[in-house]
Every structure is written in C-alpha cells, then in structure tokens.
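Here the chain labels run A, B, C and D in written order, and each chain numbers its own residues starting at 1.
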Amino acid sequence: MVEQEGNRQDLGFGTRADTTSRLLNKDGSFNVRHINQGFWNRLNIYPRLITMPWLPFLGWIFAAYMVANTFFALIYVGVGVDNMMGAENTQVSAFWSSFFFSAQTLTTVGYGHLAPRGFLMSSIAAFESMLGLLSFALATGLLYARFSRPTPHIRFSKVAVFAPYLDVNGWMFRIINERSNQLIDVEIEVSYSRMVTKPDGSRSRQYSILKLERNKVAFFPNNWTLVHAITPDSPMHDCTEEQLMDSDAEFLILLRAIDDTFSQMVHLRYSYRCDEVVWGAKFRPMFNGDTRTMVTVDLNKLDEYDLVPLN
Amino acid sequence: MVEQEGNRQDLGFGTRADTTSRLLNKDGSFNVRHINQGFWNRLNIYPRLITMPWLPFLGWIFAAYMVANTFFALIYVGVGVDNMMGAENTQVSAFWSSFFFSAQTLTTVGYGHLAPRGFLMSSIAAFESMLGLLSFALATGLLYARFSRPTPHIRFSKVAVFAPYLDVNGWMFRIINERSNQLIDVEIEVSYSRMVTKPDGSRSRQYSILKLERNKVAFFPNNWTLVHAITPDSPMHDCTEEQLMDSDAEFLILLRAIDDTFSQMVHLRYSYRCDEVVWGAKFRPMFNGDTRTMVTVDLNKLDEYDLVPLN
Amino acid sequence: MVEQEGNRQDLGFGTRADTTSRLLNKDGSFNVRHINQGFWNRLNIYPRLITMPWLPFLGWIFAAYMVANTFFALIYVGVGVDNMMGAENTQVSAFWSSFFFSAQTLTTVGYGHLAPRGFLMSSIAAFESMLGLLSFALATGLLYARFSRPTPHIRFSKVAVFAPYLDVNGWMFRIINERSNQLIDVEIEVSYSRMVTKPDGSRSRQYSILKLERNKVAFFPNNWTLVHAITPDSPMHDCTEEQLMDSDAEFLILLRAIDDTFSQMVHLRYSYRCDEVVWGAKFRPMFNGDTRTMVTVDLNKLDEYDLVPLN
Amino acid sequence: MVEQEGNRQDLGFGTRADTTSRLLNKDGSFNVRHINQGFWNRLNIYPRLITMPWLPFLGWIFAAYMVANTFFALIYVGVGVDNMMGAENTQVSAFWSSFFFSAQTLTTVGYGHLAPRGFLMSSIAAFESMLGLLSFALATGLLYARFSRPTPHIRFSKVAVFAPYLDVNGWMFRIINERSNQLIDVEIEVSYSRMVTKPDGSRSRQYSILKLERNKVAFFPNNWTLVHAITPDSPMHDCTEEQLMDSDAEFLILLRAIDDTFSQMVHLRYSYRCDEVVWGAKFRPMFNGDTRTMVTVDLNKLDEYDLVPLN
C-alpha cells in the first residue's frame, strides 16, 4: 500500500480536491481560495505592481504623485507660504503654490522661482527631495522589473481533439509562439485528472501523467502539436466521451521553457476541461502557401480542425 | 570502508557537529559561529542591506543623507558662505545655509536661490552633485534588489507528528504557501540527524535522508503534507519517543522551488527538533466549507491536529 | 509505429518543414515567417529595444526626446509664453523658449531662468517633470538590460569539414570564445537534417541527433573542435558528398553554456548547410609559437584547413 | 579507438596544452593568451567595468565626468559665454564658468545662476542634459550589476595534502565559506592533469576526473574537507611524490553552488600544482573550544596541518 501511494501523480492538487469546477483557470491561476492570510501576504504589493496591466500601474503611480504633492502642499501651507520665496509671483493660491513647489522638489526639477526660506521650510524641502530620489529609484526598479519579467506569449488551441493517430487514436492539442523572440528547450507535462467512484461509493479525484509522443523540443519556431497516443497502457484507454464528461475530467498542462532573448526560465499553466475536447477531429495544418520557398505559419489557423472518423 | 564513507548523508554538517543545541535555527540560519573572518567578509555590507528589514534600511539611508550633508556643510562653512550667492536671504545660520545647499546639490534639486560662487565653492558643489548621482544610482540598485529578491513565504506547521499512515505509521509535517504568487516544481529533502553512541562509547552525529511518500510537486496551490512512512527500511523504524529525545534528533529540511512570478529559484531551510514532534497525532484537514463549489484553504488550521492511536 | 514516432529527433522543426532553403539563418534566427500575429506581438517592443544595435537604439532615444519636447513645446505655446517667466530674455522665439523649457523640465535640470507662471502652465510642467522621471527610469532599465543581457561571443569556423579521424572519418567543426570572460559547462547538440524520398515518392525532412566525440566541456579556454565520428551506426555512414547535396542536408547546432562573469545561461544557434562542408580537409592547429611557455591561441587561424585524403 | 576517445576527461583544455606552466591561475583565470581578437572583444568593456576593483572603477567614472565637462566647457567657450546668463557673477574665468555650467547640466542640478541664452547655447545644454540622464542611467546599471554580481567568497587551503584515509591514503584539500551568506547545493569537480610520455617519446597532457568521497553537499555551514581516496582504481594509485613532480601534475577544481541570498548560481575555479601538495600531512580540525554548546569554526586554522606517516 505504501508503495502504491508513492506512485500518486496528482501534480500537487491532492486527492481532496473533489471540486466539480475547474482546477486551473484559463489564465493559469488555480481555482483555490486562501482565507486568513496575513495582511501583507494578502496585499502582496510588489508582485501585484509587477503583474498588473500597464494602465492601472501608471494610474497608481500618478495617484501616488498627486497624493504626495497634496500631502506636502498642506504641510507647506501650514508652515506658511511667506516662507517661500517667489510665492507672490506664481499668480496662484497659496495651496497651489505649495503644491507645485512640492512637485518641483519631489521630481528634483527645482526651477527655483519657488524656493524655501527659513529653517523649517528648508528642512521639509530637503526631506522631500530625498523622498523624491527614493521614489524615483523605486519607479525605476518597478518599470525595469515589469519589462524584464519573462512572459511567454504562447497560444493554446481553443480545444483539444480526439483524432486518429497512426494505427490508434490520440488526444491532441497544439500551441504556437505568438512572439518573435525564441523559446528553446520547451518542455511540457500533461496530467489527466478525473473523479472516480470508489467501491464504497465515495468519490475522489485521481490523476495520471499522460505519456506524450514527445514532451520536449530544443527549438520551437513553428506550431507544435502535442499527442498522447491512446495505447492500451494509457489511462484514457477505452474511455468514451460520456465517461469523460461524467468524470469531470480535466487536462492540466505545465509548460517550461527558456526565453532566448533573456536566457530566463519561463513557465505557463493551462488546462482543458472535458467539455473543451472535440471527439473525432483533426487539426488543419497551419502552414501557408508554398512551404518550399519559406515556411510560413498562419496563427489564425491555430484553432481550425476538420471532423474525421476515429480508428 | 571507503565505500561506506561514500554513503554518508550528512547534508554537509559533518559528523563532528556533536552539538546538543539545534543545528538549524527557525529562521533557516545555521547554528554555527565563524571566528577570525576578514573585516569585509564579516561586514558583508551588500547582502545585509538587502536582507535587513525595511525600517532599519530606510533609517540607514536617512542617516547617510544627514551625515553626507553635515560633512559637506562643514566644508562649505570652511570655504566661507560669502562664496554662496543668496546665503544672505535664507534667514538661517551659515551652517544651515550650507547644509541645505548641500542637500539641494546632493539630490540635484538645485533651486538656485543658493548657488556657488568662485572656483573652490563651485568645484566642491560640482563634485558633490556627481556623488549625488552615484548615491542615487546606488539607492536605486538597492531598492530594486530588495524588492526583486525572491523570498518564498512558506509556513511550516509548528510541529511535526507521528501519525498512523496507511497500514503503518508515518512521520509528517505540512506546509502552505502564504502568498498568492505561485511556486512550482517544489522539491523537499529531509534529513534525519541524531547522536549515536559508538561501541567505544564516543558519541557522534549521524545523518540519513528520509524517503518521502513524495518529495516533489509541480503545483503547490493547497497545503502539502509531507509523509515519511516508517517502513522496515526507515532509519526511524522501531524508534520510540524516548530514544528520539535521548538521541538529540533533529529533522533538517531543505526546500527548493521556482517562484512563478519572477521565474527564479527560491530556497528555504527549516528544522524540527525531537521536542517539536507530537506522537500519535493527526493533522486536521485545512479545507473549509463545501469543497465541491470551490476549494477553500484556511491558513489558521495549519497547526491543528487531533490525538490518535498509532498502528 | 507509435513507438517509432517516439524516437523522432526533429528538434522541433517538424517533418513538414520540407523547405529547400536553410532552416536556420547564420544569425541564429529561424527561417520561418509568422503571419496574422497580434499587433503587440508583432511589435514586440521591449525585446527589440534590447536586441537592436546601439546606434539605432540611441537614435530612437534621441528621437523620443525630440518628439516629447516638441509635443510639450506646442502645448506651452498654446497656453501662452506670457505664462512663462523669463521667456522674454531667452532671445529665441516663443516656440523654442517652450521647447527648451520642456527639455529642462523633462530632464529635471530646471535652471529656473524659465519657470511656469499660473495654474495651467504650472500643472503641465508638474506633469511633464513626472513623465521625465518615468522616462528616465525607463532609460535606466533599458540600458541596464542591454548591458547585462548575456550574449556569448563564440565564433564558428566558416566551414565544417570531413576529415580522417582515428581509424575512420569524422564530420568536424570548431569554435572559439572571442571574448575574455569565460564560458563554463559548454554543451553542444548537433542535429543532422536532410530530405528523404519515401517509397511513395513524397519527400519529407528527416532529423537525427549526431553523436559527438564529446558534447560537453567544463572549461572552454582554447578552441574546441567538435567531432562526429562516422561509425557504422552514424546516420551519415556511407553518405557521399553528392548524396549530402541532393538531400539538402543541414547541420543544426544548439550551444548551451554558462557565462562565468554573470553566472547566467547563454544560448547560441548555428547551422552548416551541405554546401558549407568541405570534404577531405583537416583544421590547422590554432596554437601559436611555443606552447611550452604559455598556450597562445590565434583567432585568425580558426577557419584555416589543409586538404587531406580521407580514410 | 573511437570509443576510447569518447572517455577523454580533459575538462576542455585539450591534449595539446603541453605547457609546463600552470593551466589555471590562482585567481581562477586560465593561463591562455588569445591573439588577434577583434577590437571590441579585446576591449570587452562591460565585463571589465563590472569585475574591476572599486577604486579604479570609481576612478574611471570620475575621469569620464571630468572629460565630459571639459569637452562641453570648450564648446560653450566656443559659442561664447556672453550667451550664458550669470557668467559675469561667477568670479571665475570663462572656461571654468562653462565647466561648472556643464557639470550643473550633466548632473541636472541646474542651479540656474548660470543659464543658457540664445538658440545655440540652449540646444547644446538641452542635449547635454539628455546625455546626463543617460550616463546617470548607465552608472545606475553598472553599480547595480557590480553589487548584485554573485561572487562566492570561498577560501581554499593553501596546500592539498596526502594523508592516511581510513585503511588507505587520500588526496585532500579543504574549503570554507568566508562570508555569512549561505551557499547551498555546493558541487565540486576535480580533474587530475599530468604530462605523460608516449611510447614514441612524445609527451602529451592527460586528464582524469578524480572520484571524491563526496562531491556535493546540500548545506555548507562549516569547513569541508574534500577527499579522493587512493584506491586501486584511482589514477594516482602507486604514484610517488617524485612521479607527481616529474609529470607536471596539476589538480583542477571547479566549484558550483547556489548563493542563498540571491538564489543565483556561482562558480569558482582553483588549482593545486604538484608543488602545492604536502605528502604525509593531516589537516588540523578547525573547530574551536567546546563544540557541545555551539559549533565554532576558526578560519585561521584552514591551512594548518600536522605531518603524519602514510599507510
């Protein structure tokens, strides 16, 4: 029994995950909720700032800039704008003079038509300018991190298919690199997960790694069709479409590769639920025109397939 | 004999480590003191600045800023503030005028209501502004390094347990990812270390790698209970609680994983001493509510267990 | 049949790639065209800015600087230069005053002889100075990324050769590290690709990994000659120069290494087409002078060979 | 014969390296000279700036700063300081006024007591301030790269020893981590290189990997003594001190590890020449005081050994 346990292949989800909803969302996140996380862990600031889309990111930066300036403007007003040289010529209210002075200090542009006078005003300005440097440093780090974070742009075919393959059938899906920068040493692991009813009637989720016709390529210039041949030793052998649906089956995919531009590891998760598998279908070749001259791949054909009888 | 030696599994501590105190501290540092380190090696500036908490870090930066400004202020005073245009209008003493001028130079805010006059003053200011750029550059690097340093937020159960496992017993502990950013390819190595008395009466520390029910998972969305089954070939076979305590046993854990957000390797060390192992206890499931709809994990339940009879 | 498929060694090109032009260009890019890429994917900004040569890169930065300043200059002119203190003394037109003011704001140099007056002008300037910081931050990140990107400077011999090797013949090429920074754990994979005519007359591309006399070295201080011995089990056994040319043969090379200066993985692709293979030629040693005192390698000799009879 | 070749273990030096001087210098660089490198490859700017000591590095930066300012100063003088507002009050010559103005522009401190007047002067200043940003960005990148570059501070014992080991003898050396930041998964490869005289009288260098009692540790908190047992299958079996000297033997060491602070790979090369091996010596333990309370390692003892008779 101990030995058997050793062969479990649940990829880390655990047999308890007897949920009927999908385990892995389309965006690669897990369909799991954590409660009672610590405050900072739930906040998780840095990773969020790195992974959020550009618009909200720039929005946050602008907001922070406005808040900081307002905050310091109020302080300067409190100290008194009579301690600010040139405030009389700005043709704007005391608050806005302070606001713009703050902006000029924070960004270290420091025109000087506004300048601090007296100890208090000068100290606050000196402090703010230091904050300016640090926040700037921060922005630099964040922008760099956002850019340099390796994100593979791999598109998966909308559906997986059951297709005749050689003298048997095969479960297939295919992927393509949407970007021009190359991925090398691309490696793929597919796990087949489904609910099984134990003799005692209780249901639990089982997992098995699907053996792929090939699970690693050194280069990935074209599209790549991944094939699991339904041989007698396949966990899907003799499995019908109905059984697949009944068992809440889900195909979990983990992709590992190396981005050639930055020589960094990249990872991608994806999954196909049983209702995203087409039975008796064959992907159309994605090559376009005469491949003799130059191989041309049409990304729009990724999801195209023809219905065919199975073996 | 040479062959035997080849099979040593001390993870790198060496048999000499016959200390009665724990080998590995809770924070993952080693309970080892190095003496006669070189000055710079003991100082170890950069790693310290990177790993120290945020408050002291910012404190150091602020301190450096104050020191630098004071230093240059004194120089400017020495040169004479009559070489500083506008010093007469600042309404503060010569020193503070110089101090604020230094601050405005170091941060390159350079309002200009204070400006250098004459060769000496101008050269020093020119030099300081260059230092300003460099220190700023430094701050940028440090901030970025602090943020981008991958630190896994994995919580270990407070105690390990001896629990019935299948038809035998097992030594178990469990972990959970406190953060939302995913870890993948999580791999764990556990080494069982204890003092043994040789026939000649001398005591020395022995180590053995504990075979785990599974030592690697591709995904880590939920909690993970690691199990070492006490099979006849286990070094802990027939070991009683008393023997465990007498032998100063310690369980050393090395965790390797890949942070999915930054695609970086992360490492974690942890250890359980014999007095942190509960005999005849079983971890409570961490799942919360109805798992059929969505898997919900309650982090507060990580340390919860029930006492149970052993096989 | 399924088993056979499992042994395919096409490195990821796929058997469909029945093109007569080379698969891998000299610069390591693939001879594949993708159509219908998404806009951003085709643009692929960041990797481009990182990989483009220095001159165009600096050109783009300068262009961006000019465009931004012109853009803001027009806005300032619109707002009216009478809202800009000092504009009357610049001795240039309103546009150029605005242009230079914009430049001084964007770079945060902010002399102050030009300064904003009134709410509108001040706000725009405050906004531009923030943009200045961000763009600066961006430039920092880009420059750093460009520099720190590990690019191996390995030169491949212009041609590969068929040379006598021990008691048989061998297919050989050689490489040298042009730079002084060391590469370690250099690993090479060579795949032999050619068109074969199936019994049914259809032609398809076949691939086989070439077994190398050695495919990995820990150090790489000198030149390295890679040798595939034409033993009976070699896919090139009994292959004549004519057959090689007829089959559109191409030798695809993938090099993996670790740059010792930055401890980063580096990768390189290269290929030799059949017409770049010299039959019956032997590389000249690259050592120079008396190697007893110090090993001296002459990079100019990399491509030199002598014609020799084959075994 | 082809098979034999396959077993060569020269780590990448090649058998041609029949030099009598050491292959690997103490600093880990190779004793190899490359001639006819391309200009940029010989210059190899970036890696140099990263790896050079701090003092020269800062020297170069300061020099660049001076040169740039002088260069622009001359241009400004050429344009005429009458186009520079405030130049009349600086109390220094036209050149120095321009020099300091350049400095204030390059560092973007821009006090403004000096400011450009007229189109030409303004454009040049605008251009210089852009250069300022870029050079600053560059400095940031360089400083960060210098700091974050992982450099293991591992000290090797000055000499290797031949010591009795269990029931045979062993060749040993030992290492210690000088820093406090941990290295994990430390892996070591030792290659034994010596000149051998072929039957035909010609001498060539041979290499063999030395099997180590253990070549990898997960943790490295203490010192680590690496042992190659002289068993009958060892290439050093029956080798006497004289033979070792005659054969110009050298022990080449490659260390791989992972720096735990930054989770980065680190590498180190080292070598012992035959004249750095002491016959019949045993390293003294490095532990200090009572190890029962806490393990204390004394770095000064690294090189200490006692002479002992061999088995």
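Basically, contacts are C-beta pairs under 8 Å (C-beta built on N, C-alpha and C of every residue); 3 or more make two chains touch, one makes a residue touch a chain.
By chain, UniProt protein names: A, B, C, D = Potassium transporter.
Quick caveat, the model's predicted, so the values are computed rather than measured.
The minimum number of touch steps linking subunit B (Potassium transporter) to subunit C (Potassium transporter) comes to 1.
Of the two chain pairs considered here, A-D and A-B, the higher C-beta contact count falls to A-B. When you average the Cα atoms of each chain and compare centres, the chain farthest from subunit B (Potassium transporter) turns out to be C. One copy, subunit A (Potassium transporter), sits rotated relative to the other, subunit C (Potassium transporter); on C-alpha atoms the angle is 90 degrees to the nearest 5.
Subunit A (Potassium transporter) and subunit B (Potassium transporter) have Cα centroids lying 26 Å from one another.
If each chain is reduced to the centroid of its CA atoms, subunit A (Potassium transporter) and subunit D (Potassium transporter) end up 37 Å from each other. In subunit A (Potassium transporter), the residues that reach two or more other chains under the touch definition are 104, 108-112, 114, 136, 140, 144.
On the subunit A (Potassium transporter) side of its complex with subunit C (Potassium transporter), the touching residues are 61-62, 65, 69, 89-92, 96, 99-100, 103-104, 107-114, 136, 139-140, 143-144, 147-148, 153, 165-168, 178-182, 184, 186, 213-214, 217-222, 224, 229, 231, 258, 260-263, 285, 287-288, 291-300. Chain contact summary for the complex, subunit A (Potassium transporter) toward subunit B (Potassium transporter): residues 1-2, 5-6, 8, 10-14, 16-21, 29-38, 41-42, 44, 46-47, 50-51, 85, 104-105, 108-112, 114-119, 122-123, 125-126, 129-130, 132-134, 136-138, 140-142, 144-145, 149-150, 189, 191, 252, 254, 264-267, 269.
Listing the residues of subunit C (Potassium transporter) that touch subunit B (Potassium transporter) in their complex gives 108, 110-112, 140.
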